[in-house]
Amino acid sequence: MSIDLTDPAGYRFWIEERVRFADLDALGHVNNNTLGVYFEQGRVAFLGEAFASDLPWTVVVARLVTEFKAELLYPATVRVGMRALRLGNTSATLGSAIFHGDRLIATQEAVSVIVDRHTHRPVPVPGEVRSRLAEHMG
Amino acid sequence: MSIDLTDPAGYRFWIEERVRFADLDALGHVNNNTLGVYFEQGRVAFLGEAFASDLPWTVVVARLVTEFKAELLYPATVRVGMRALRLGNTSATLGSAIFHGDRLIATQEAVSVIVDRHTHRPVPVPGEVRSRLAEHMG
Amino acid sequence: MSIDLTDPAGYRFWIEERVRFADLDALGHVNNNTLGVYFEQGRVAFLGEAFASDLPWTVVVARLVTEFKAELLYPATVRVGMRALRLGNTSATLGSAIFHGDRLIATQEAVSVIVDRHTHRPVPVPGEVRSRLAEHMG
Amino acid sequence: MSIDLTDPAGYRFWIEERVRFADLDALGHVNNNTLGVYFEQGRVAFLGEAFASDLPWTVVVARLVTEFKAELLYPATVRVGMRALRLGNTSATLGSAIFHGDRLIATQEAVSVIVDRHTHRPVPVPGEVRSRLAEHMG
């Protein structure tokens, strides 16, 4: 795939996260799994309505590929960019990156599956999610 | 690479983790990033001495590929299997899997880089880590 | 009140928690709020059935008084002792302490209120919780 | 003590925290211990320089009294107000409260002890902290 996740120009949807003191681990930097929390927050904001509890479907993550490029220290406010990479029948692949100023901290590719909220079985990507993702594909 | 991370027979190093109520997210299951914490705990135990604070080097993660295969609910105690996949000059790739009984929950491949504790620049994998990993390669 | 929360002889209900590397903060010790997670885990185990999702009531915490007595480092396995201190109409006060070996790490007093699962309004302490607590009062 | 921690007019130092999806627990609301993280973030910001790693002293918490007044749901941005309550020779008591709009979520009283960074033994409250606290006492 030719999309470069490290290029901020590839993202038109952004959220900000401020690093909390609690996000640091014993090595004194933001822990890998906490960067995962920032990416999750990006997904939740990007897919928005998918997390409303009155919908018949929700989103689960099937596969994450995360690359860690630079250490993140406290204090800092970072930006998380979100975009769509691929759109399948019951799943979508999202691309994202965390930047501190111009410095790239990490990238993540997330294969997300749309599932029935009760049975947790895959269902076709709903129209409203499909159009959201299509806007952020190019 | 032909090593099957989903096969428990491929692991000879194991730790146990008991799911905490706090590990659950709003969907009522163990959050993806918390599974990442279990994998991290496996790495810390597997590389052991690498986290002793009096050593001149430490380990940072450069890349994680995580596959989520089944939901994990509370209460549960899981086992995390750890093995080596590849050994480079300044890095090592670890393979791991989380099982709840016989049920596979997730697998993870982790590219770990050995760095100088102070400069955080890559250094050759120390002999003691190299032999540890070689034992868990086959 | 004359009950001494620092005395291990006062507890007949215990759980164990193993410190995770992720429980450490940037100061290199187990964070205060993570000690709070260990206490929560003690409460969840002690009140057990209260967290079963098919019951009409659940437990919320109204007040916590926590005293931190000693630092907790990694690695360690701690024991959390739980007991009842007071039993009211719609609430119960629990006492607890975390020990690392013989060393007292922290104590906590927790005023817990029984609420209707849906309205979140206080309801009388159910009989099964009442008898559980009465056993651990003396 | 006659200071009312529930009154926003008592605070002149504020931080904001945006609730993350990861801050929710299995009950679907912000977990008690995560409210503890917001209070900790308030303390870190309020005492600021105390966490700079090149100082000979740091701050540890000896006692926390937390009252939970209302549930906090996602999404939300809250404000954490911080003030000083008492100033001793080697310790200070801070008062704080979390508000969501005008709604009080929780209050916390924190006895904090100034300790030598290396020996972790109490030392007199440094002048710069003392004057900071004195400004927020009235």
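Should a chain be cited, it is by its letter among A, B, C and D, assigned in written order, with residues numbered from 1 in that chain.
Following the convention adopted for this analysis, contacts are C-beta pairs under 8 Å (C-beta built on N, C-alpha and C of every residue); 3 or more make two chains touch, one makes a residue touch a chain.
What you see is a predicted model; the values in this text were computed from it and never measured.
Contact count check for B-C and C-D (C-beta pairs in contact): higher for C-D. The chain with its Cα centre farthest from the Cα centre of chain D is B. Chain geometry summary: the mean Cα position of chain B and that of chain C are 31 Å apart.
For this pair, chain C with chain D, the centres built from the Cα atoms lie 22 Å apart.
Shared interface positions of chain A, i.e. residues touching 2 or more other chains, are given as 21-22, 28, 31, 33, 37, 40. Within the complex formed with chain C, the chain A residues making contact are 21-22, 24-26, 28, 31, 33, 74. On the side of chain D, the complex with chain C involves touching residues 27, 31-34, 36-37, 40, 58, 60-68, 71, 120.
Considering their complex, residues 17-18, 20-22, 28, 37, 40-41, 44, 51, 53 of chain A touch chain D.
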